[in-house]
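Same chain, two partners: subunit A is paired with subunit B first, then with subunit C.
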Partner chain A sequence: MSTLYDFALRMGDNTLILGHRVSEWCGHAPVLEEDIALANTALDLIGQTQLWLGLAAEEEGSGKTADDLAFLRDAWEFRNALLCELPNGDFGRTLMRQYLFDEWHLLMLKALQGSSEKRVSDIADKAVKEVSYHVERSRDTVIGLGDGTAESHKRMQEALDYLYPYVGELFTPDAVDTAAAEAGLAPDLASLRAPYDEALAATMAEATLSLPDSRFAHKGGRTGKMHTEHLGHILTQMQWLQRAYPGAAW
Partner chain B sequence: MYAQMVKSTGAGVKSREEMSAEEAAFQDRIDADIKIEPKDWMPEGYRKTLIRQIGQHAHSEIVGQLPEGNWITRAPTLERKAILLAKVQDEAGHGLYLYAAAETLGVSRDELTEQLLDGRMKYSSIFNYPTLNWADIGAVGWLVDGAAIMNQVPLQRTSYGPYSRAMIRICKEESFHQRQGYDIMMKMAQGTEAQKKMAQDALNRLWYPSLMMFGPSDKDSVHSAQSMAWKIKMDSNDELRQKFVDQTVPQAEYLGLTVPDENLKWNEEKGGYDFSEPDWDEFFDVLQGNGPCNVDRMEKRNAAWDNGAWVREGLMAHAEKRAVLKTAAE
Partner chain C sequence: MAATRLPGGRVVTQASVEQVYAWLDEVPDPEIPVISLTDLGIIRHVEWAGETLEVTVTPTYSGCPATSVINLDIETALRARGIEKLTLKRQLSPPWTTDWLTESGRAKLEAYGIAPPQPAGGPQQCPRCQSQHLERLSQFGSTPCKAQWRCKSCLEPFDYFKCI
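After this line comes the complex of A and B, so read on.
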């Protein structure tokens, strides 16, 4: 399969799985405005999924659709970063996960606006507007809760400690990433780390939270080598109707 | 509709002779279709009835997120998932507009929320029924949003300005919801045997609860008479129910589905369908808290509120710190 296919799949699986997670909040958020904002984030991510997986399906060339890719692959075929599939936890953990992803996502999309592949830069142009808003909101919430009450501070620090080991994977290139960078399709992943670290340091300082010292990174989602146990449970829900009633149109 | 059996003063409509000068002037404005605005004088009963009605409507939008949210993670295609997410987001937005309209009457959103959570205020009976298969998501849009529209379109002309304006915004979105719901039903009704079965099953379960949304006959209700005089209720429950049945039956036929009512029959003389009343004992059971999902719905709303307390407190504390810093800097 082509580098473009692999790349589009990784982007689309990130947004699909994270969008699914965020959508689990629907109707259960701490305030109405947050319910609306979470649904909006999920909606943007699912919309981006349609574009990325649509591109992957097109590139795959056997007549599959974005839906086929979303609903008919098994866990080992998914290429999302592990961060995206981690359970929501409390609201603080969900927003911290969102923030850690959003900063990466925005840097990635900005770089992809200059992609040598027009179909990629087109998606990036559309998504970058949505994600600029996501990061603004998740950053504000991380700061507000980090620098809120003693309890909210404690919960946000716990969220950061739990999630930070899943950040490194976003910046660890493999052969696909190297080929994508060489073709001018996507940026050198490792080059995004410095601006990411800078953004995180500024946010966490304002949030009065401490970034963990260890840079240990759980990996395996983007390459498909090893997902967490959580992904299979997401798929049992997400894919149920398509699996139970093969060939039906919805 | 999302507001059922809203109590008004209970005293019946005052005659012109019984009205004070203020009350008479107020009624004159209403009769002349001049909107009442928050700063205008209004009878206490009008204000209280409106708070109950708008509050109940707002709560219905919020609790209504739950039965539909139940299928977001299982939506069968990316497009259906996106449409459903957008719909549920709209409903939360409707809640927001309505709470804002209620706030102009001097009650805060938090107060209304607390009254919902401790059971003092109600929400529409329909949201105490479960969504059990994917066609339910179609049927909810088609029937439930459809019934809501029946009631809300006339309410765009209601006498209270902020409520009327909220209804105008809401109605636009509700008609989208209904079309999208019907579109799901079409797909299901034209689909495989299993899908047809889902569609029929959804209609069987949701038909009578949808008819109940209009509330029992109110032709002798003093509450309804007063609300109609104040133009915060525009049509009688029976009129709206009849309109709904007349509109919906041909749509069901077009889908090839059977409305679960043996007595359903076109009545040439009245130019509408004859149909069976829903089981009103069941309706009152649901209002008493004994519907299939009442306990579950309230448990979820309470959990969301309680589990979110630290978030609300955290964000508030942060905003206060910011405000202090800002004052210190000035």
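After this line comes the complex of A and C, so read on.
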């Protein structure tokens, strides 16, 4: 399959799986405003998924749709970063995960606005506005809770310690990323690391949180080599209707 | 209606592009029915390609559930006006911006109780009592395009149309 297909699939699987995870908060968030904010964030991510997986399906060329890719692939065919599939934990961990992803997502989309492939830059032009808004909120919340009460500070530090080892995968290129960068389709992943580190350092300083020293990175989601046990559980919930009743439609 | 000669010489009667825009100006936004689709600035292009009318629509937010309803409403409205061959195209770029809201659309929003978008990033005044003593409750609201604010003078919460 083409580099464009692989690339679009990775972008779409990130937003699909994270969007689904965030949507699990619908009706459960600590206050109504946060519930609505989480549902809106999930909605944006699922909307972007339709664009990315729509592009992947078009590129695949066998008549599949974005829905076919979302609902009819099994765990080993998913290409999302592991960070996106991790369980929500408490509200603080959910927002920390969102912030760690949003900051990468925004850098990636800004770079993709200059993609050599117009269908990619068009999607990036659209998504960058939504994601700028996401990072504004997730950053504010991480700062508010990090520099909050003793309890919220403790939980945010635990969330950062738990999630940070999943950040490195977002910046670790493989053959697909190298081919995408050479074709001008996407940026060199490693080049996003320095601005990411800078943004994180500023936010965590304001949030009075300490970034872990270790750069150890859990990997395997983006390449499909090894997902966590959590992905399969998401899929059983997300896909059961199309699996049990193939082709069911509204 | 204007008579158009198609390649091959056949003459048909087609609604003018201006007429189609006027019809679309009567189609309300499904979520905020006080403004029309043209007020919202999402109709990017209307043109005839032979006997087929092509209407290009841009989504407000990529996940906005109203998008599919909007397409259905456009189709229903134009078919009711006798348009038989219709293609709806989606255009992502340049992305929709609240700068494309018409002046009349902004005025209708305010009269309806939704503060129109401002470049400064927050509402200019309370749409009910015009106070400028305001606070933000949430960056998000009941639809992807809105945020929740409250007036500290009249104490009423209100929707603010986000500026993007």
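The working rule: the second predicted complex is superposed on the first by the 250 of 250 C-alpha atoms of A that agree within 3 Å, B and C clash if a C-alpha of one lies under 4 Å from a C-alpha of the other, contacts with A are read in each partner's own complex, and residues count from 1 in each chain.
In this text, contacts are C-beta pairs under 8 Å (C-beta built on N, C-alpha and C of every residue); 3 or more make two chains touch, one makes a residue touch a chain.
These figures come from a predicted structure and were not determined experimentally.
Asks: So, does A:121 touch the first partner subunit B, the second partner subunit C, both, or neither?
Replies: The second partner, subunit C, only.
Asks: Which holds for A:48: it touches subunit B only (first), subunit C only (second), both, or neither?
Replies: In the superposition, A:48 touches subunit C alone.
Asks: Is A:40 touching anything from subunit B or subunit C once the two structures are fitted on A? First, second, both or neither.
Replies: both
Asks: Between subunit B and subunit C, which one contacts more residues of subunit A in the superposed model?
Replies: Of subunit B and subunit C, more residues of subunit A lie in contact with B.
Asks: Contact-wise, after the overlay, does A:155 reach subunit B, subunit C, both or neither (first, second, both, neither)?
Replies: Touch status of A:155: first partner only.
Asks: Looking at A:23 after the superposition, I want to know if it touches subunit B, subunit C, both of them or none. Which is it: first, second, both, neither?
Replies: Only subunit B is touched by A:23; subunit C is not.
Asks: Just checking: does A:144 make contact with subunit B only, subunit C only, both, or neither of them? Give me first, second, both or neither.
Replies: The answer is first: A:144 touches subunit B but not subunit C.
Asks: Looking at A:105, would you say it contacts subunit B, subunit C, both, or neither? Reply first, second, both or neither.
Replies: A:105: touches no partner chain.
Asks: A:222 contacts which: subunit B (first), subunit C (second), both, neither?
Replies: A:222 contacts neither subunit B nor subunit C.
Asks: Applying the document's definition of touch, where does A:136 land relative to subunit B and subunit C: first, second, both, or neither?
Replies: second
Asks: What residues on subunit A does subunit C touch that subunit B touches too?
Replies: 33-34, 36, 39-40, 43, 46-47, 50.
Asks: Touching subunit A in the complex: which residues of subunit C?
Replies: Against subunit A, subunit C makes touches at 59, 61-65, 92-95, 137-142, 144, 148, 162, 164.
Asks: Hey, which residues of subunit A end up touching subunit B in the complex?
Replies: 16, 20, 23-24, 26-36, 39-40, 42-43, 46-47, 49-50, 53, 66-67, 70-71, 90-92, 141, 143-145, 147-149, 151-153, 155, 237-238, 240-242, 245, 247-250
Asks: Mind listing the subunit A positions that touch subunit C in their complex?
Replies: My answer: residues 33-34, 36-37, 39-41, 43-48, 50-51, 121-123, 125-127, 129-130, 133, 136-137.
Asks: Within their complex, state which residues of subunit B touch subunit A.
Replies: The contact residues of subunit B facing subunit A are 62, 65-66, 69, 72-82, 85-86, 88-89, 92-93, 95-96, 99, 109, 134, 184, 187, 191-192, 194-195, 300, 303-305, 307-319, 321.
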